[in-house]
Each structure stands twice: as structure tokens, then as C-alpha cells.
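A, B, C and D label the chains in the order they appear, each numbered from 1.
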Amino acid sequence: MSDVAARPAPNLLANPWIKAGLIVAGLIAAAMLGARLDGSGTLYKIFIDPFDQMAAAPDLLAQTIWEGLVSGVLYALIALGFVLIFKASGVFNFAQGIMVVFAALTLVGLHEKGVPAWLAVILTLGVMFLLAVAIERVVLRPLVNQPDIILFMATFGITYFLIGFGESVFGGSPKQMIADQLYLPKGAIDLKILGGLVSLQKIDIAAAIIASVMIAVLALFFQYTRIGRALRAVADSHKAALSVGISLNQIWVIVWFTAGIVALITGIMWGARSDVSFALEIVALKALPVLILGGFTSIPGAIIGGLIIGIGEKIGEFYWGPLIGGGIESWLAYFIALGFLLFRPQGLFGDKIIERI
Amino acid sequence: MKTSHLMRATALGALLAAASVPAHAQDSIYVSNNAYRTGPFSGSGTPIGDGMRDYFAMINERDGGIGGVKINFEECETGYDTKKSIECYEQAKSKNTVIYSPWSTGATLAAIPRAHIDKIPILSMAYGLSASADGNVFPWVFNPPLTYWDGALIMVRHMANELGGMDKLKGKKLGLIHLDAPFGKEPIPVLENLAKKYGFEVKLYPVAAADMQNQGSLWLSIRRDRPDYLYNQGWGAMNPTAVKEAIKNNFPIAKLVGVWWAGGDDDARAGGAEAKGYKSLSFHQAGANFPVIQDIVKHVVDKGKSLAPKEKVGENLYNRGVYNSMLVAEAIRNAQTISGKKVVTGEDVRRGLETLNITDARLKELGMEGFAAPVKVACGDHNGHHKAYVAEWDGTKWTKASDWMEPLKDEVRPLIEANAKDYAEKAGNWPKRTEACEKSS
Amino acid sequence: MFYREAGQFKSTYAADMAVFPIRQDRIGLAIILLIAFIGIPLIGNDFFITSVMIPFLVFSLAAIGLNILTGYTGLISLGTAAFMGVGAYACYKLTTAFPGVNIIVLILVSGLFSAAIGVLFGLPSLRIKGFYLAVATLAAQFFLQWAFVRVPWLFNYNASGAIEVPQRLLFGIPVTGASASPETRYFVCLCLVIVMTWFASNLVHGKIGRSWMAVRDMDIAAELMGIKLLNAKLLAFAVSSFYAGVAGAMMIFLWYGGGEAADVFNIRLSFNILFMVIIGGLGSLIGSFFGAAFIASLPTIMKFGLPALGVPMSGATAEHVTFMLVGALIIIFLIVEPHGLARLWQIGKQKLRTWPFPY
Amino acid sequence: MNAEPMNVSGSPLRDEGEVLLAVQNVSLRFGGVKAITDVSFDIRKGEVRAIIGPNGAGKTSMLNCINGFYQPQEGQISFKGQRRDRMKPHRAAAAGIARTFQNVALFKGMSTLDNIMTGRTLKMKRGFFWQALRHGPAMTEEIEHRRVVEDIIDFLQIEHIRKLPVGKLPYGLQKRVELGRALAMEPELLLLDEPMAGMNLEEKEDMCRFILDVNQQFGTTIALIEHDMGVVMDLSDRVVVLEYGRKIADGTPSEVKADQKVIDAYLGVAH
């Protein structure tokens, strides 16, 4: 019965609806821009001026790309947490953002209570482990085999609970990340290149390095350990994993714990850049376009998606944003992702969607 | 089955009716107060809430209330969410609050149209709708001691003072970092007017609410444009991030000036030692060395009745809460004097607010000598456009770094009147003011 | 014992196709309507009506809208709040441009604008599915929210940057603006919600609803039935956004009475409405009401109700406890009945049908 | 490899009835994989046409080409004498081609009744406005179609499951509902993809009866894929045999049964 085969994807532009939609969207965009610029020199400002600026001040371009790279790495870290969980348990974990806040708050909160910094890190890891066990016991196990959307909903319940719990334990006020105590570097390296100054924050460099190391460790973990192989087996097929005697429950605990570690590291890095507060939860939403770009199941996708989104939105905001009043960063990422998505509906690295009948 | 439904509805109704029965209507004055100790803005909301709460706790403890009547001060948690603020308003209304402090621009805007129907005075202290300073149009809304427009003016004055005169402003660049929301956009028209008048340039740097902690590209633009000064109309997590980014991007921190809401101790502290020199406008002093704060420490904090840790008492935003409660308390006291009643109503408090005149002498009596500039509210002018100063972060605390500066009332007042008129016209049969002005005060 | 269908025989297809084929259900509906129209205005005080009932109605309508898209057509959207915002701004523009036109008409017309925008952002649904589509709809959410702040034309260049709801009359009684009484606003909401629920019920029980569900359950087979996928999906986007738009206009005009709409129609609201739909029951209109009651009204009732019952809690603690309780309740409900409160309701009715002798 | 041994000009059924659907030199590839290579055959009005072949022979792909899921790279298909370029499934439906699936493709969340009612979608003309009112013309129309559907339900003897969601029905019944849904479209050509797969003997007999009844009572032309040779031989008027995407035989059941290539294909021959 294998004479079932992939259904070729429909040609996008052949569809009159899409065509019409694109034209309309284009016209609206053009009209909005035109109005904004009083109709003078619009095309110049869109297509020529930004590139002139790039050429005129290469140091700013380099700085923009660096900024994009760093935020890209941080987006990727959040996305990584999503991917790990989605890959192993098919759960779209809405709670990843709050897990970042919760982990960072626990760390800082413990330190405030007088626990030495490194001990606080270890204790926080313990808390994240307990959280993973609790989530597995209380939420995932009773909901096993439910549709994805139900599990998604359950993670919203977790979010609500963690917000209330975190605030009642640690209070809502923002806290300083204990960057010094964790020997995270401060200050900047100023490079006098490209006819100007490119300033690289040491904390950003550290973030990039730590993220890379963590990704490498995760890759090794997946590739060479028994648990890692089991995780991949689960990702491929729950039933197959069960049939080779892997306990799904253990796997879930491990995956959620891993996501918790990623959340803690993300929280430390973001926290060091601004501060640790519940507002961080909003930043976590930025991981969503990264996810659609990179695919929900691909770790390299999360990384590369993060970088594309990070650099794309910074360059877009910096060079094109002023044309329509700035602040376009809030939605640009989604449009970048959407653009990619129209051509690759499963994301850059996602598993191919094959329709069978 | 259906009967159970009916019962449930009835029970619900009864429950909520119970929730809103005026408590102790006879022997105390009910003051409802919004606060946000939860949510993304809780960092700023918590110290303010503590200050407000502790001042009334102190008044009740030390003086036995105001004019012998205890103040039943109740906080309503909003999480800085407009939906919850509206619920809080309805709750406050059903409990016959004598005053409503919305504590967010969104909540203020939603409450303004209702206030004159429900006869509840609104105190939006130096926030909310600038135009509501026009008492002839908004008899129930009060926003002393100054508006964001005054703030923008003082910012420009500060710039001129440092540069050596208004004429030195020519050719300078002032950047406005602002939350991309009505609150953040408030100073824009005034700054643009002044820019035209004095020949400087205004650059706008909007920060979307979702990107409060993600200001990378904005600061790159600042690096590119090289503004001479930056004015930060920000709130919540946006402020510490801005301070950190300024340091990161080598922007001279002394040239970064925040609106009074960007003057939290935590905002500055985020920048570490390098944040020394960060400035913010303010209309009251920080610090615990005022008799009023000492009284709070003595009667409330030391007795373990405060929610604030002792070291936070006297911080800038804590003192702002105290200041807000002081205005409320003085309005109630004034209302008692005018009406001759002990237990005043919302309408009395409105009159009390309208004739509020807190002189230096009165401030001294309150234990607030030098704490704040005198405040006077008038029938037509519900703001007063009072003095403010520039505070500077010295690395550990806020200090007063300039003289009290008078905003240019003549610049602002016409704008306020024009906008108030516009508001009333657009609202369609906005009620004419029927409340009489007090003869004397 | 009193909930039985025995003895009720249908002799026509029309009777069999009725939405409530069992007589007791119809009686129940009549009782609920009676309570809604008479009981609640009599018993409830202003606080109950403005902070519990009106929000409940508005969210129910929005949830019905999203349920049409997500529950019936199987397309997840996280842009509902933005589409509600389009409705609110459209209504504001319309009523300031045509002050003479009845506000109820304008509220409904503003839904059409929302529908048009919904169709535009629904176009990618042909290519993109599942959670990918959900995230793609976030583009609509963030872009529109940005536009609400950035296009001053939308709020008539008000200095406050907010929608300032003008007073509008219906039969000489103010329905919007500050002088509109809570009862009036409640009645208007109630009537709109009832009529629109009736329309939605008609749609989902007929040919169009079947096409939607066919697309949801098996899009390939649906195509074979002659259903054009893109048309069905876009129609779902249009109808869903229409409902969202009307709900948004109601929210600002009949509930908030003005305010910073860009801030109101934020991503949180989008998520909340999605959760109302899921917890209420995907593909169930009555579930939308349950979901709205659970997600929107429960926290309010807990926050204000518990202290009134003598559970001593400070504002912030109450908020924290509410958050934790609601979170825990969501998980508990999902474990007990993943198909939502509507299914629980059905099971309850089924039990009642055979009660007291289940065998 | 072609159909020459079956040289068509000798068959007794040859000239009866007009050609309803003609497949001419159709080839279909997925990337480098050839699913169908140069296949031609026709289906005549009123006949039961079987398509058989071992696994992977391209039978389902053939049906998918016929109702427009796949676009063959070469060759053409004409229905009722009209050639169709770029067939779409919904256009095939409008033209009068209905289909059931190898793995049941019912709308799982809907009741039996609603599933079959979807088959009437194309025949229902009332637009959005009337649908929203669900009174007057829309209701009349709905009742009218409900009648047709009830007839089909009676015919298939599935009255008892009318209001149950199909997702929970046993497999055999699901297959029956799916047939009902296809019948509700009142198709001219009905494509059945393994209608009896996974059924027990009794269910198979029922299904055979339904297929014959449909063919005889409604005069519907039927093309079916089936593995059970007994069923194929009993039901069909003519059989086309595919192997590895190519046609290896075409003719009456008895002709096909006797064909050496078919025997080899089914039993396997060492090449």
C-alpha cells in the first residue's frame, strides 16, 4: 500500500487569492509610506539611502550586526528551550518565558537571602529539577496522549501558576542579576576599526560564548549519551521509544530539566543586560518568530533562526525604521519569519510536512 | 438542573453585592487606591504603593486619622492592567470612595469620563491626561503638581541652564526616548513647539512595550544621531535598561535625564557605579531625613506594619507615594474644614482639592520642610504647574542637583485649554461645569 | 428525572434539526434568558454588571469568533486582540465621521473592517498550518498594535492618543459615553451577543459550518466534496474577525468607555481568548460562554469575592493566589476533561438524562 | 511491456456505452521516482471498472490523478469528452467525480449525518446571508437535502448511527459512511479505493451488495481498487492491471485472470 506519495505543494503565485493579496498589501504599504513622506523621494529613501548610510559609516553597520548577533543569540537561547521540549514531547511550551524569569528570580532571590552565588546556582538547578519533576507528575503524565493543543493549554496553566508563585515568593520588584558574583565580565572592548569605533560588551561576548558552549554540549549529549539517543528516539516516535524500553516519564523530566537549565542561563544573560523582572517574560515572545523560521524541531534551526531574526530586525529598525517613525522592531521579526514561511512552510530546518492521503 | 443555575446566579449576585457594601460608612473615610505590586511594572509600583500605604498608616497611628476620623485606606491591585483598573474603579465607586487614584495613564483615561457622573474626584498626580488640568472642563480631575508638558519645559530649561542660556539651545539636538504609548508620547508636542522657538532639534526614539528590555537598535540610532541631551519618558523595566544601554554605548550619563517616573532608585542602581550622574526630574525630595518619614519609620515601619523593607523607606518612589497620600490627606482635611463635616464625601473632597493650598508653612507642619515645593490648586487650574528640580544619582541615592525650577506656565496653559476644549468637543455634549467655584480658600 | 426526552418525538426534519431538540433544553434556555434580561439587572449591583457581566458578554462574543476559526475550522490564531482593536478603531472613526448614524449599526459595520483585515492576514493559512500558522498570526497582532499607536488618524489626532468615546443615544437614552447607565450598556451588549450567537449557531449548523468542520477534520477530503479550501478558510477568517471586531468595538464603547486601545488589545488578550476557547471547548458555542466565564470572570470574582466572604488577603496576595488558583484550575480541568467545559456540561446532561437509574 | 496481448478489439464489452473518462499516456513522477509511466485506459459509462496490481503499482496515484490531487507531468485525462488541464479536487467534485479513501478519510469530529450532508455541499445554493438566518429558503433547502441524505442512510442501513460522531464508529461502519458521503454527491463517476480493506467476510458481502446496488439502481459508473481477487472478479465488468506504474493488462476479469503477465506479477517471477 505504498503507492501513496507526497503531494506536491501548490504553486504559490498561481493562486489568484495570494496574488491579489500580495498586490493589495504592496499597494497599502506603498501608500502608507508615500503619505508619511509627503510623496517626495520615497523610493530614494527606501532603496538607496539606507545603503548609502551603511557605506558611509561601516563602523555603525558592524555595530548593528553585532547587536543583532547578540540579541539573536539570546532569542536563540529562549527558542532552544522551546525546541527541546517540543522535540521530545510535542508540547508547545508557552511557559518557557516564565521559566526564564522564574529561574533567574530564584537565583537572585536565593542570593539575596545570603546564599553564596555558586551555591545559589546549584540550588536553582535543584529547583528547576523539582519543577521538571512536578510538571511531569502533575501535568504531563495525566495528560499523556492528549492533542497538542490541550498540552499547550496546560502549559498556560503552568505559566499562570508560576507567575503567582514566583511573585508571592520573591516579590514583584526587579532585581539586579548577580553578574559580578558569577564572575561575568563587565565593561567593553572598544575596537577602533572601519574608521570608527565598534564597541563589544564583554557580557555580550560571554553570552555568545556560553550559548555556543551550551549548544555544543547539548549536541554532544544528544549524540553520544544513552539518554541523548533515547531522547532522539522519542522525538522520532513515541511508540518506537516505548518499544525499546525507554521510560517516557524519565525522558520528559530530563527534557524539562534541560529546558530549565537553558532557561536559567537565558535568565542570567538577559538579566545581566537589563534586570530580572517579570517584564522579561515579554521578551520571550521574540523566540516565536525564531521558532517558525527555524522550525519547531530543529536545534540548528533555533540558532540560525535566532541570528537571522536578531540581525534582520536590528538592521531593519536601524536603517529602515526611521522611515515610518521607528519602533518597527516589534513586528518586523514576524514579517521576516512570515516571508520565509511562505516559501518553506515547515521552517528552515523543520521536518518536512508531507501530506498523505 | 436549571434551578441550580438560578441559584448559582443568585449566590453570585449576593456574593458580589456583599463585596461592595460600604464598610464602616459612619466612623471612617474610605479611600481607595490602585496599586500594582504584580505584573511587569511592579518594580515601580511596589515602592509607590508602600509609600502611600505607610503614610496613611502613620496618620491613623499618630493622629488617629484626619480630624479625628480614621482613614479606611484600601489598596486595589491592578497589575498595571486597564481591565483590572476598571474593576477597581467600580469597586471603589460602590464602596463610596472619596477619591480615586488610578495610577496608570490607561486607567486615568478610562476613569475621566465617569468621574463627573459618579461624583468621584480623580487624583492623577503628575500623570494621566495633561489637558485635564483645565478645571473648567474637568471639574472632577486633578493632576497636580505639574504635567508632562511642564516636565518637557523644565527639561529644556535644564538644558539651557547647563549650556548657559536659552540662546545657546540653537543647533542642539535633544533626543526623546519614550514608551511607544500615549504616556510616552505626551511631551512630543511641547518639545516640538519649543524646538521651533529656540532652534534646536528633537529626535524621537520610541520603545515598544514588548521591547522595553531590548533597546539595542534604538541606542545604535542614538549613537548615529549623537544628540546632546536625552530625555527619557519611560516607565517600568524600560528605565533600568535605558540607563544600562547609555553606559554601554558611552553616552554621557549626565546628559540623560528621565521624567520623574524614570527616577526610581532601582532604575539608576541597574547601571552600577557608572550610573553616577544619571538625572531625573522630581517634585519632591528623596531620603529619610524628613520628620514625616521619621514618623512613618517610628509609627509604622518599626512596628512591623509596613510592607517595605526599612532600607527602601525614603527611596525616591517611596517618597512619591508618601507625597501622593499627603495630597489626598490634605484634600480631605481641607474638605472637612470647608464642609464642616467630619466624614466627608467625594463631593466635599472635590471642593477640598480645588482649594488645596499647601504653603511652605503647612509643609513644615507636616514635617515636609524642603521635601516639596508649595502646591496650590485653583478652580480653573487643577494642576498649578509647580516647581520641579533635577535630581542626580550619586551612586547610592538621589540628590538634589538643581534649584527648583518654575515651568513656563504661559507656554503650557494655552495648550491645556485648547486640548481640553478639543476633548470636550469630540466627546459630544460633554457636560458643562455646574460645580460652583469656592469663594475663598 | 425531569430531564427526559422520552415521549418527545420529532415528526419533521425541521424539528429534528433544531439546535435544541429537547424540550427541557428549550425551557432551560428560556429561563437563562429570563435571568439575563430580568434577574441580573434586578439582583446585580453596578459592580456586578460592569465588572462581571459586561466583560463576560464581550469576551464570550470574542471567544465565539475565535471558536469559529479555531474550533470549527481548525486554524489557530493569536491575533484575535488585534482584530478586536480594528473593530474598536473602525467604530471610533465611523461614529466620529457619521455622528448621526445609530451606534449599534456602526458597531456592527466596524466588524466588516475587521473582517477585511482578518482576510488579509488569513491569506498565509493556505500554506501554513498548526502552530506555525498561530505564530504567523502574531504578525497581525504586533503590526496592528503598532499601527494603533503610530497612525494618529486612527484616534482622530487626540492629544491623549486614546479613543475618547463620545456619547451616543439610542431611542433617546445614552448607550455610550459616561452617562450611559450600566444597565443600558448591559442590555445593549446582551442583545448584540444573543443575536450574534444566534447567527453563529445558524452558520455552524448549516452548510457553511459543515464545510468548516470538514476543512478542520480532513482538508483533503473536504476538497473532494467540492469545498474550496482557501474560500472556506478565508470565510472563517472573515466571520471570526467580524465577531472579534464587534466584540472589540463593544469592549471600548460599552465596557471601557474609552482608553488606550493599543494597550488594551495586546498579546495577552489574544492568548486569553484562545484559552477561553480551549478550556470552554473547541467547536462549541456554549463552550465559548463557559470559557469566557472561567478565564475572564473567575479571577475577578475570586479577587473581589473572596475578601467579601471573609478570606483575609491583601491586594497583592489575593492577586498571587488568584494567579496560582486559576493556573491550577486550568490544569485540573484539562486533566478531568480535555475536551473542555462544554463536554463536561454534555456529560452532565447525559447523566441527568438517565438519573436516577443509570442502567 | 504493454497491453498488446489483451488487444482490446476482441472484447465483448468493447463497444457498449460511451467513454466517460479517458486516461491517455499519463506519467507521474515525484522528483526522480516514477509513480506512473505512460498509462492509458478508459472508463465507460455505467460500468464497474477495477484497477488492480501489487503494492506500489501506482493504483492510488492513478486515482489521485483522476480527481486532481496530483498533476501528471505527461499525458492527459478527459472526463465526459472534456480535457482538463490542471484539475483541482474541488473542480473534479463539481464535474461529478466522487471518491473514497484507502484509509478512511471521514470528518472525525462530525456526526454520520453531517458527514453525509457535506456531500451535498455543492448542490446547496443558498448563500451566506440565508445560511446565517437559517430560515426560509435556507431551511427549505436544508430539509430537501436532508431528505436525500436520509434516503442514502436508509439505503446503507446506518440509521442507528445517524447522530453519532464517526470517529468512534467501528471501521466497517466508517467505510460505509464514507461511501454514503460519496453517494450524497450524486456522482457520475465514483472512485473507490479499497472499499473492503480490513473488513470481515460479512461486512465485505454487505459492501459488495451496496456497490452493485449503486451501480445498478443509480447507474453510477464505478472505478475501484481492490486486493481481494474474488471481489474484483465478481464485481467488475473490466479490469486494468498495473505493475510498477505501468499497465500490464486490460480486459474482462476472465481475460485478465488468464494473462501470464498478471499471474507473474502477482506470484512473483524470478527475473
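Criterion: contacts are C-beta pairs under 8 Å (C-beta built on N, C-alpha and C of every residue); 3 or more make two chains touch, one makes a residue touch a chain.
Being a predicted model, the structure only gives us computed values, none of them experimental.
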So the chain most remote from chain D by C-alpha centre is B
By the contact definition above, name the pair with the higher C-beta contact count: A-C or C-D. A-C
Any idea how many Å lie between the Cα centroids of chain A and chain C? 31
Averaging C-alpha coordinates per chain, one finds the centres of chain C and chain D separated by a number of Å equal to 42
For chain A versus chain D, what separation do you get between their C-alpha means, in angstrom? 47
Averaging over Cα atoms per chain, report the distance between chain A and chain B in Å. 36
Two or more other chains are touched by the chain B residues 37-38, 180, 208-210
Among the residues of chain D, pick out those that touch two or more other chains and give their numbers. 69, 101, 105
Going through chain C residue by residue, note those that touch at least 2 other chains and give them in order. 142, 146, 149-150, 220, 267, 316, 319-320, 323
Given the complex, residues on chain B that touch chain A span 37-43, 45-47, 180, 204-214, 216-218, 220-221, 223-224, 236-237, 240-241, 244, 248-250, 266, 269-270, 272
The chain A residues in contact with chain C across the complex are 7, 9-10, 12, 15, 17-18, 21, 24-25, 92, 94, 138-139, 142-143, 146-150, 152-154, 156-165, 167-168, 172, 285, 288-289, 291-292, 296, 324-325, 327-328, 330-331, 334-335, 337-338, 341-342, 345-347, 353, 355, 357
Given the complex, residues on chain C that touch chain A span 76, 120, 123-124, 126-132, 135-136, 138-139, 142-143, 145-146, 149-150, 220, 230, 234, 267, 271, 275, 278-279, 282, 316-317, 319-331, 334-335, 338
Contacting residues of chain B [partner chain C, same complex]: 1-2, 5-6, 9-10, 12-20, 35, 37-38, 74-77, 79, 82-83, 86-87, 90-91, 93-94, 105-106, 109-110, 112-114, 116-117, 129-131, 180-182, 185, 189, 208-210, 307, 419, 422-423, 426-429, 431
Chain A residues within the chain B interface of the complex: 57, 60, 63-64, 67-68, 70-71, 163, 167, 171-174, 176, 186, 188, 199, 201, 270, 273-275, 277-283, 285-286, 313-314, 317-318, 321-322, 325-327, 329-330
